[in-house]
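In the two complexes below, subunit A is the common chain; its partner is subunit B in one and subunit C in the other.
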Partner chain A sequence: MSKPIIATTSLAGCFGCHMSVLDIDDRILELFELVEFNKSPINDIKKFTKKCDIGLIEGGCCNSENVHVLKDFREHCKILVSVGECAIMGGLPAMRNGIPIRECLEEAYLNGLTVVGNEERIIPNDPELPMLLDRVFPCHEVVKIDYFLPGCPPRADLIWDALVALISGDEMKLPYEVVKFD
Partner chain B sequence: MKAEVKKTIEKYGNDKFRLMDILIDIQKENGYIPGEAITQIAEDFEMSEVDVEQTVSFYHFFSQKPTGKYAIFLNNSVVANMMGRAEVAATFMKELGIKFGEVTPDGSAGLFNTSCIGMNDQEPAAIINNRIFTRLTPFRVKEIVRDIREGKDVDEMNVQDWGDGENSSDLIRSVVSNNIRKIGPVLDRDFTAGQAIEKIIKLKPEEVIEEVKKSNMRGRGGAGFPTGLKWEFCRNAPGEKKYIFCNADEGEPGTFKDRVILTERPRLLFEGMVIAGYAVGASEGIVYVRYEYKYLEQHLEKILQQAREANYLGKNILGKKGFNFDIRIQFGAGAYVCGEESALIESAEGKRGEPRDRPPFPVEKGYHDMPTVVNNVETLCSVVKVILKGGEWYKSFGTNESTGTKLLSISGDCKFPGVYEVVWGFSVNDILDMVGAGKEDVQAVQVGGPSGALISPDEFNRTLGYEDLATGGSLIIIGKNRDILSGIVLNFMDFFIDESCGSCSTCRIVPTLMRNKLNKILNARGTQQDIDDLTEWGKILKASRCGLGQTAGNPILSSLKNFPALYEEKIQKNKSFDSGFDLNAAIKESAKATGRIPNF
Partner chain C sequence: MSQFVRFTIDGTECMASKGQFIVEAAKENGIYIPTLCNYPGIKPKGGCRICTVRVNGKLMTACTTPVAEGMNIENDVKDIRELRKSIVELLLVEGNHFCPACEKSGNCELQALAYRFQIMVPRFPFQFPIRKVDASNPKIIKDQNRCIQCKRCIRAIKDEKGRSIFAYRKRSSSVEVVVDKKLGKQLTDELAQKAMDVCPVGSILVKEKGFIIPIGERKYDKKPIGSDIENMSVSKI
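And then the complex of A and B:
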């Protein structure tokens, strides 16, 4: 059997979840033995070159670009996993969800204490820019997500165990320490 | 402002536990609760401002912004909508030139939504400056707005006839109707004040409790806890002071029978509280009345005064040495959850109406942490009859588990909405006959309000009682032409979402998620997965602290169970999953804010 293929991406996240993937330490070598990576910041492949088995998603969707990438992942991956609080619930970026988007933009580009320059008082509107969504969406509100790995970030062992379980088809061990959050 | 606030605080004995009363007065005087008032109260009571503010912000009828010289609260309950609220609302908006939640630029009038105000048998209804306006029509609204423009006093704005019975008495003068359609042993007029007190003072308190226990009567507030047992627990609980609370919060949409008792049989109710006080060993009683019934205040105060003059209340009642008991009225300020007994106590202590963790139950640690009995209005009235005629007599009505009678509040699509006192054990079919609703015209009946069950004609042979269909007494009859999902279920879900106190994450979050799913299904984006999710997620709500959260999924769960076709016919059969996400809708506001045209 050929090696399972993995893709990963960071949407509206902080890359902390990806750092947690790297945090599996020397098991990363084992991982590269077990799987092949396709589109991912880990190997810097920008576009899908083939169908993948597993897609790991960090971060929720805060703009149209995130939505496109996520949909692209759904099309190319058999299994999608929401990794971390941001992907599952929106996380820190979703703190803006209670504030109208216009107010957010005005605070960021016009009225905020740290705004300098911008004499023309422009809210960035270049057609090249992705469009912000009115609120940050968790991934499962945009596409079907098969599994959820909680944590901010999920700890390296959890990610490792989950990957091994997905690859081997064995049931995943979820000891109490992994799912309690207080 | 400072002087006014000081005076109000003094009026309530500089007691910070009377914060609700203080705020109610300030709200009434100013049309809102100004920031300075909050600062002043905090200073006087040596509380932090946020502690005062959290009480202010919790209640629907407190506002931190002006609500207009005339604050109009239009009911948006299910039955109000059935009876033509939409046109009434549109006319208010058009005539006043404002939307709901706004105040006219000249500050003369504000327009607000409010949940069921206990007038389901005479909707659409509104509260304007504490006066009730029922059976509104677009024409009537135009008249009201004209009167507002002329600056008429609300008392002069009522041109309809006063309502029946006490509603037309000098101290009420309201257009509200009682609509008492059927009288039974509890509502029977065969009672004169003081009768039952005469009887109990010759008995030992334990004997009174014994008689109540013998009747097997269970609380009428919904939970159905045996009344005698509750009293006994409280009597046996250690505590230097004990309290009797009457729960007249009546917030479950669709019930209004307590309003009718407060209007027509307050003496009976107060006598019930005196009996409870004697049995338990309490010296103070508090009637917690929902703010919506503020128009009954003077009437109730007068009857309390008469009772004091006759020594039915006060010191050494009717010559019984050491038997002291008095009653005061505590108004709420608009919060359904305050009907929950521990939230009610919190509210009466001047705080947010947030249910307490139980145990300890109020009978051990209630008001001011002292043993407290909380009983429904109807429970306390029924007790009087039990005392007068005996527990055995009471048991002769109803069924084994459900003794006695029940006051039903019946509204919706029927000829004779109103209050009916029936013996337990009637079937829904019997009730439909009684209220003039043809079976072929009825699609469903909502039993027990939003937290209860929506039943289909297949189940109309079920009987009302603790054995089968338990109910606090609200029955809403839903005709064939009504849209159950969008007209009823959605409204009930909104109700729970608005009324959650926010303490438990389950109750704060899951009902909103469920409503969003329902909306998705109504928008033709649902799949079988969504229906399965609704059933599964509904179970999580059982982990909530109080009954509100525990039942908040019922509108969906019960309609899903009894009317599955309504859901199934709306889902997409060819898809196993649809997130419902719509990119164009999701960037609408942001496109406007940046002046961009979507580029995909």
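And then the complex of A and C:
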């Protein structure tokens, strides 16, 4: 039997969840024995080269590129997992959801206390840049998500147990200490 | 002399003083009934419905219903667990509960209930309502994003004349719990701390006291809410 294939991505996240994957420590060697990685920042493969079994999504959708990548993942992965609070409920980026988008951009590029330079008072609008969405969306409000791993970041043990359960088909253990929202 | 009554919870024979509310009576018998708007020592409200139990076939709130002789109470059964879970999920999507950024995380009862019910993601769409944070009081912050309108602060925090420091404002879905501008100025440090402790979520925060307990040592980091009641040796009356 060929190894299960995993893909991962970070959308509107901080890469903390990916760091938490690395927190499984020496089990990472075991993981590389068990699975093959495709598109992922871990191995720097930029494009899907084949169909994957498991897709791990970090971060919610805050711009058009996030939506595009997420839909690409849904197309290429049999199972999608929302990893972390941002993927599950928007997380910290979603704290802008109550603020009009113009106000956000003006604060970031024109009026904010830390804005330096920008004498021409430009809000970046190059067509190459992804468009910001009016608000940040949890991943499962954009595509179907199969499983959710809460935490900020999810504990390494939770990610490990989830991967083992998905690969082996066994039921997942959920000790009280590992399922946390922070 | 107080009278005793006998009743059953999920088939377990229990005994308590007559007139005690079901939540308290269950607690004395080592049985945990989840609560949220209820707080020991203040008049029960029966608002959040998390403590819903089935008494002789009818759904009732355990915090406001006194025990009576021969009551047959269903507590930890599938449909009631499901109902309680959905209330927690509704509360989580109704407000802006960003746990990673909340000072009360780890000590929050709403979060602890979500842990207990193993909620990975609420089944309902997040509302992201637009709410305000009132930091005008010198001692406390009142964050409306996290308020669940349980009224615990209104009922428990009074000045020396018995007047509530907190109050309801507006009506229906726009109702909010606010700090009384005048009475709020007299808040003592002790009362401010009490208000923060009474608040089940992170809606009332004492200024300059955030994140004082390290992660791993907070109230619900290691033990689920209610486990202290369940592990209590059953009092024999």
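In this text, the second predicted complex is superposed on the first by the 179 of 182 C-alpha atoms of A that agree within 3 Å, B and C clash if a C-alpha of one lies under 4 Å from a C-alpha of the other, contacts with A are read in each partner's own complex, and residues count from 1 in each chain.
Note that in this section a contact is a pair of C-beta atoms (placed from the backbone, for glycine too) under 8 Å apart; a residue touches a chain by one contact, two chains touch by 3 or more.
Everything numeric here is computed off the predicted structure, so don't read it as measured data.
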{"item": "Partners on subunit A (subunit B, subunit C) - clash or fit", "value": "clash"}
{"item": "Partner chain in contact with A:H140 - subunit B first, subunit C second, else both or neither", "value": "both"}
{"item": "Partner chain in contact with A:E177 - subunit B first, subunit C second, else both or neither", "value": "second"}
{"item": "Which superposed partner A:M131 touches (first subunit B, second subunit C, both, neither)", "value": "first"}
{"item": "Which of subunit B and subunit C A:I5 touches, first, second, both or neither", "value": "neither"}
{"item": "Partner chain(s) touched by A:V69 [first = subunit B, second = subunit C, both, neither]", "value": "neither"}
{"item": "Which of subunit B and subunit C A:I159 touches, first, second, both or neither", "value": "neither"}
{"item": "Which superposed partner A:A94 touches (first subunit B, second subunit C, both, neither)", "value": "second"}
{"item": "Colliding region between subunit C and subunit B, picked from 93-101, 147-155, 543-551 or 579-587 after the shared-chain fit", "value": "543-551"}
{"item": "Set intersection of subunit A contacts, subunit C complex versus subunit B complex", "value": "135, 140-141"}
{"item": "Residues on subunit C engaged by subunit A in the complex (per definition of touch)", "value": "96, 98-102, 105-106, 111, 114-115, 118, 120-122, 125-126, 128-131, 215, 221-224"}
{"item": "Footprint of subunit A on subunit B - complex, ascending", "value": "577, 579-581, 583, 586-596, 598-600"}
{"item": "Interface residues, subunit A side, partner subunit B - complex", "value": "64, 67-68, 100-102, 105-106, 123-125, 127, 131-135, 137, 140-144"}
{"item": "Subunit A - residues contacting subunit C, complex", "value": "82, 85, 88-92, 94-95, 97-98, 135, 138, 140-141, 147-150, 152, 174, 176-177, 179-182"}
